[in-house]
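Next come two complexes, and both contain chain A; in the first it sits with chain B, in the second with chain C.
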Partner chain A sequence: MTANLTQQIRDRARDLLQSGTVSCFIAWEPARFEHWRTPVTIESPDEVDRIVVDEWCDQLIAKYALQRRGDGRIGMVARGCESRAVERLVADRQVSRQDVYLVGVGCTGMLDRDGGAPLKKCEECQRRNPVTYDEMVGETVEEPRPYRFGEVDRIESMEPEQRRAFFDRMFSQCAMCFACRNVCPACNCRSCFADAERVGWLEKDFGLDASRYWGLMRAFHTGDRCIECGECERACPMGLPLMTLMHKQVRDIDRLFGPYEGGGLSDAGPDPLRSYRTDDVEEFM
Partner chain B sequence: MRIGVFVCHCGSNIAGTVDVERVAREALKLPGVVFSDTNKYTCSAPGQESVCSAIKENALDRVVIASCSPRMHEATFRKMIAEKTDLNPYMLEIANIREQCSWVHKDREQGTRKACDLVAMAVAKVSCDRELFTTNLPVERRALVIGGGIAGIQAALDIADAGFPVTLVERESSIGGKMVMLDKTFPTMDCSACICTPKMSEAAENPNIEIKSLTEVESVSGYIGSFDVTLREKAKYVDYDVCTGCGLCETKCPTKKIPSEFNQGLSTRTAIYKPFPQAVPSKPTIDAEHCKKLQSGKCGVCEKVCPTGAIRYDDVDRVTTQRYGAIVVASGYELIDWTGLYGEYGAGRYPDVITGLQFERIVNASGPTEGHILRPSDRTEPKTTVIVKCVGSRDPNKGVSYCSRACCMYAAKHAHQYLDKVPDGTCYVFYMDVRCAGKGYDEFYMRTLQDGAIYVRGRVSKIYPEGDGLVCMGEDTLSGEIVRVKADMVVLETAMVPSRGSDVLASKLNVQRGPEGFFTEAHPKLRPVETNTAGVYLAGVAQGPKDIPDTVAQAGAVASKVIGLFARGQIESNPMLSKVDVSRCSGCRACVDVCPYGALGLVQANLRENSRKVTRTVCQVNEGLCQGCGACSVACRSGALDLLGFSDEGIMQEVEMLCQ
Partner chain C sequence: MIIDKRDICALLDAIGRDEQVYVPGSVAGVTQFVEHEPGVEPLLDVRTTKVPPKELLFPKAERLYRWKTHEGHLSIEQADVASRPFTVFGMRPCDVASVERLDQVFLTKGYVDEFYQARRQAATLVALACERTDPTCFCDSMGGSPTRAPGADVVLRDRGDSYRAQAQTERGQRALDAWRAAAPDAVRDDEPGEAPDAGDDARVTCSLTVDMDGVAQAMPGLYESPMWDDIADTCVTCGTCTFVCPTCYCFDISQDTRAAEGSRYRCWDSCMFVTYTQMAGGHNPRADKAPRVRQRFMHKLSYFFDRYGENLCVGCGRCIADCPAGVDITRVIDRVGAEAAAMRGEVAVDG
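Our next item is the complex of A and B:
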């Protein structure tokens, strides 16, 4: 990312707010410590100097659009992941595309706020450039499209007991904090099954059964809609490898139903796991 | 809560493996259960009587009956509760301790314990049950029949004879389907046209039947009792109110070289034409693609010669919408296009390799050869004819995997007809099996053998030209020898496949098709003419390959279902439908995409949320269309959709109980 990107974005945000094109502008601002960034929603042209856009902006900001629904057009910096998240929200009918104004930027990956190593989610990134935008700031960047199924290959090659042990270990550490859900752009339901107390899908106590159930249900609920932004894994305070399950599903769906990229990216119709087609061959019936 | 549990002996069916008395005693310990009893046969009159009086005497408000599968008697017991007690009939759960317990277990102890568990689950579920109420939906007493083959004609006649109006929609210019193209029909060898055309004119004359030729279904909405159907009637370019069907136009039309569909390309027709003399409606249409006037503006002969001035070159398609209470799908079949699949049979390059349907036309007295068996290439009489069965059928590699069912019989018919008309001829029939199950069918096959037909067991692997004939090569699998037969003509008995456009029709009607593409019946044995969409029925080959007797029988069965529906005049709605909790619905549309019945839609709703007025998109269930399949309640991630009678809560309670 170029050094003057921050300035360019501030200028664009100021113009957009001043001209009334957008009612607010979502980006990042510096947080308490060096290299810490936090999402910010800028409401007036005078505040645009709070914005920074650099290699430390590790959070995905697109989901904040949901909080501003109905308040006019929402401006936003859009890297590949933000743009896909917006497409996701549009496909899930949570915002309409006209309700957001995307200032696209090409992204070469973010760094870990502790230590400065490249973030894993960025190393696996398939879309560094926005897939949709209303204007671009700066140049588009190269798309290396790295192989992202290495961990899936490794787990697939395990013996069943080994695999079970792997996931049991993973889920037994889950603190059931639901951070993965809260950051996920595909988790945009008004009320989550996990909170349905009357039916009681999910117990309120801790334990492997509950956390395994939570983990698997979360994966299934987002499986055919995952945009592979890797936010769940980044947000997880326990550092669980949550993307392995997502990547596994992405690849399986790809193989079963044809090329696929996080739903929402194509107009080809509904997401693969929630469609009904009369030409589906119902061999099992 | 006052739950009563009734455990059935079912004679020794259940009591033989399950200690029903113990199940009843154990049930009394379950939360909410205040009464339990056993019965020899709960479904019998005294059994029902004792349940009803126990409900009244003990003021029960929920009932569990532990007996056979709910498929068997749930409806019986619901009706009993509705008619003989004050209880709501949906406060009932059936614990299946027969099919799912006593019948599959031998050990009495295990069986009894499992029965106790099943009862406990039903008790848990009934605790969550809520009263449900049915409503009566009106039925429009008018039927739509799609497809005017013998299936559609028969169904239309039967429904019309009961006094109900029928619209018979046929996309070709005449009704009759494949049957009018056939010469004679097995096994009685009565002339096909002689039994089919009277039915066609009967349909035309029946005041309750409206025949719409050159018409297709454009769209369908609604549900059983009130389907709104839009039909597109293609331009005919002839005003049927004025035309008398004199046929003068056909004789004068200068465009004469169009291959006749009716004669399977073996003769030609004009651009203004009736497909065959006995066509119904008995009036011509202009084939716009070939008409000189419509293509280039030059000609207009038919208009000049028409004595009544019925020609309308400016005719346009007519689109109409009508409400129907029931829809019959009788769209029939096509023959598989063998030319694209069987290169080894010449892929259509040899004119003397013909299909069974072409043979029907050749052997027919009013066909292109006036009933003389002459082969297409040089119009000479073939002295050796080879009939190849199962072309495309039972051949999963090239064609379809199923058996087309009628061809064994009509192959025998063709052999018989050929040997009858060419007494000095030789006829070989290559076959895989001979399947002649049916009244008089095997006798018919035996007679063909006596006629002198030579049956060779094996597939023909290659057909190639030699001199002015063809050589059929194949293995006789009974002797293991390779046989080469020099033939003058080869008849391929090709597979029946669903008629073109069946996929589109299926999605318009929201009915399922099987892997082979034929429409799927609701139950292969017990509901053979219904589909999973209430109010849509199946007749004829549209449902699967069959011959004329089976087709007509099925058409009659369909008619009786439709007449039954119309006689009732209204239908009781099923209250076990999907229900949406809008406060949880985020309007994501997953349910809409997954619903097989098109019963869900998105609407803008004005709601009060957190004491604010908001307008949001939420989903809405069309109760007429919903069949209660539950797909949406599974697809909905936030559980905004629930199936009444099978609520998430109830199922969860069942599972909880089982895990205790």
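Our next item is the complex of A and C:
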């Protein structure tokens, strides 16, 4: 990311707010500690100097658009992941494309605020440049398209008991905090099955059955809509390797119905797990 | 009493023969209090564990009673409240302070929670004073201190190659006597003439500080402040901050219902969840994010203070470190201070 990116984005945000093109602009601002960032929604052109856009902006901000629906056009910085998240929200009929104004930036990956190591989600990123935008700031960047199925390979090669133990251990640490859901751009249901307490789909006893069930239901429910942003895994306070399940599904869909990239890249579909065709392969039936 | 660091494991092995001992450890990369296993070194260099020790006294889920119907007869079986003695070894001063907060809630003002009380009375708390602090620690702004843990039965202080253990209660004195008897080779007496060490607030301090002066008094006046909307703009209302917090104690009562039998249990709940205030008729007084965010900070910094004269935050910094959205209670406190100052300014101008 270029050194003056912050300034360029501030300038664009100010213009967009001043001209009334957007009603608010979503970006990041510095938090208390050096290299710590927090999402911010700016409403006034006088406030744009709070914005910072650099290699420490670890949160995915696209989903914040949902809470601004109906307020006029929503401006935001769009890296590859934000742009794909917006495509997801559009495909899921949560926003229309005209509701958002994307200031695209090519991204070379974010760094861990505490040690400076590249974030795992960024090391696995397939789309560093926005797939959709209304204007670009700065140059596009190279797309290295790293191999992202290493963990899937490792787990697939395990014996069934070993694999079971791996996932039991993983889910046993789940805090049932739902951070993974709340940050996920594909988790955009107005009310979640996990919150349907009167029905009681999800036991509240924090047991392994509940956390395993939660983890699998979340994964399946977002299976063909996951955009592989890796935000669930980043947000998980307990460090669960949640992308193992998401990547596994993406690769299976690619093999069965491909070519396919997580969540698709536009709202044109296909949504492999939710489309119905009479000439479907259905090998597994 | 002095314990050489290389003998810590032997001491824990010995204590563990008579009762359960919980120590800082790690499971699947998550630091937390785990039952000491013979020969396994505890992670005493970790300052705040990711998961606080709270659940040893107040489990995430706890059965209250079971019920059964048989040929039209209903029978209820009360859950056993008794708890066997156990030791929590290596609690940081902020976590000990959090137990004092939980004690207020579960044992005072005419309410005694039998389940909590049974565990609390069975517990020996062994604190480990901090020689260093993390960037997110701010206990000394919240009435605590890295070097003191007045609520602990025993406090350990790091002396380089060894720890010095001092009893602070009768239970603590009994614990030291038991350690001496169980592991005479792992412990030795203090050097002759060594004075008791009460801790030193000036020696170890937190780099992160907040000014709590007037915060509790200012909070009620900020109930309608737009600041809650601003914070709610960023917060994703997950339950992370409340579940990693050593003092958050809200719970729900739920049930596991099978055909003719079932049980009721209580389980942690979070004020950040939309379901927390969901009412049977469908109304939800805190359906939006902002009132939920406000509730968390009001409870921490105002309501609890009004009832118990202390804040429901001990400055451990866990919620700051783990919030996926970068919401930071110390920035909220700063903001409350600033808003309160502005309000005072306005009053002065108007008056």
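Note that in this section the second predicted complex is superposed on the first by the 274 of 285 C-alpha atoms of A that agree within 3 Å, B and C clash if a C-alpha of one lies under 4 Å from a C-alpha of the other, contacts with A are read in each partner's own complex, and residues count from 1 in each chain.
Note that in this section a contact is a pair of C-beta atoms (placed from the backbone, for glycine too) under 8 Å apart; a residue touches a chain by one contact, two chains touch by 3 or more.
Note that the structure is a prediction, hence the values are computed from the model and not measured.
Trainee: Considering only touches as defined above, state whether A:238 meets chain B (first), chain C (second), both or neither.
Mentor: The answer is second: A:238 touches chain C but not chain B.
Trainee: Applying the document's definition of touch, where does A:197 land relative to chain B and chain C: first, second, both, or neither?
Mentor: Touch partner of A:197: chain C, not chain B.
Trainee: Which touches a greater number of chain A residues, chain B or chain C?
Mentor: C
Trainee: Is A:38 contacted by the first partner chain B, the second partner chain C, both or neither?
Mentor: In the superposition, A:38 touches chain C alone.
Trainee: May I ask you to decide whether A:159 touches chain B, chain C, both, or neither, giving the answer as first, second, both or neither?
Mentor: neither
Trainee: Residue numbers of chain A touching chain B in their complex, please.
Mentor: Of all residues in chain A, those touching chain B are 92-94, 188-193, 196, 198-201, 221, 269-271, 274-276, 278-279, 281-283.
Trainee: Which of the residues in chain C end up touching chain A in this complex?
Mentor: Listed in rising order, the residues are 27-30, 50-51, 60-61, 135-136, 208, 233-234, 236-240, 243-244, 252, 254, 256, 265, 267-268, 270, 273-275, 278, 289, 320, 322, 324-328, 330-331.
Trainee: Show which residues of chain A lie in contact with chain C when the two form their complex.
Mentor: Touching chain C from chain A are residues 31-33, 36-41, 59, 63-64, 67, 169-170, 172-173, 175-179, 181-183, 195, 197, 203-207, 234-235, 237-239.
Trainee: Which residues of chain B touch chain A in their complex?
Mentor: By the definition above, chain B touches chain A via 503, 506-507, 510-515, 520, 583-590, 593-596, 602, 617, 631, 635, 637-640, 648-649, 652, 656.
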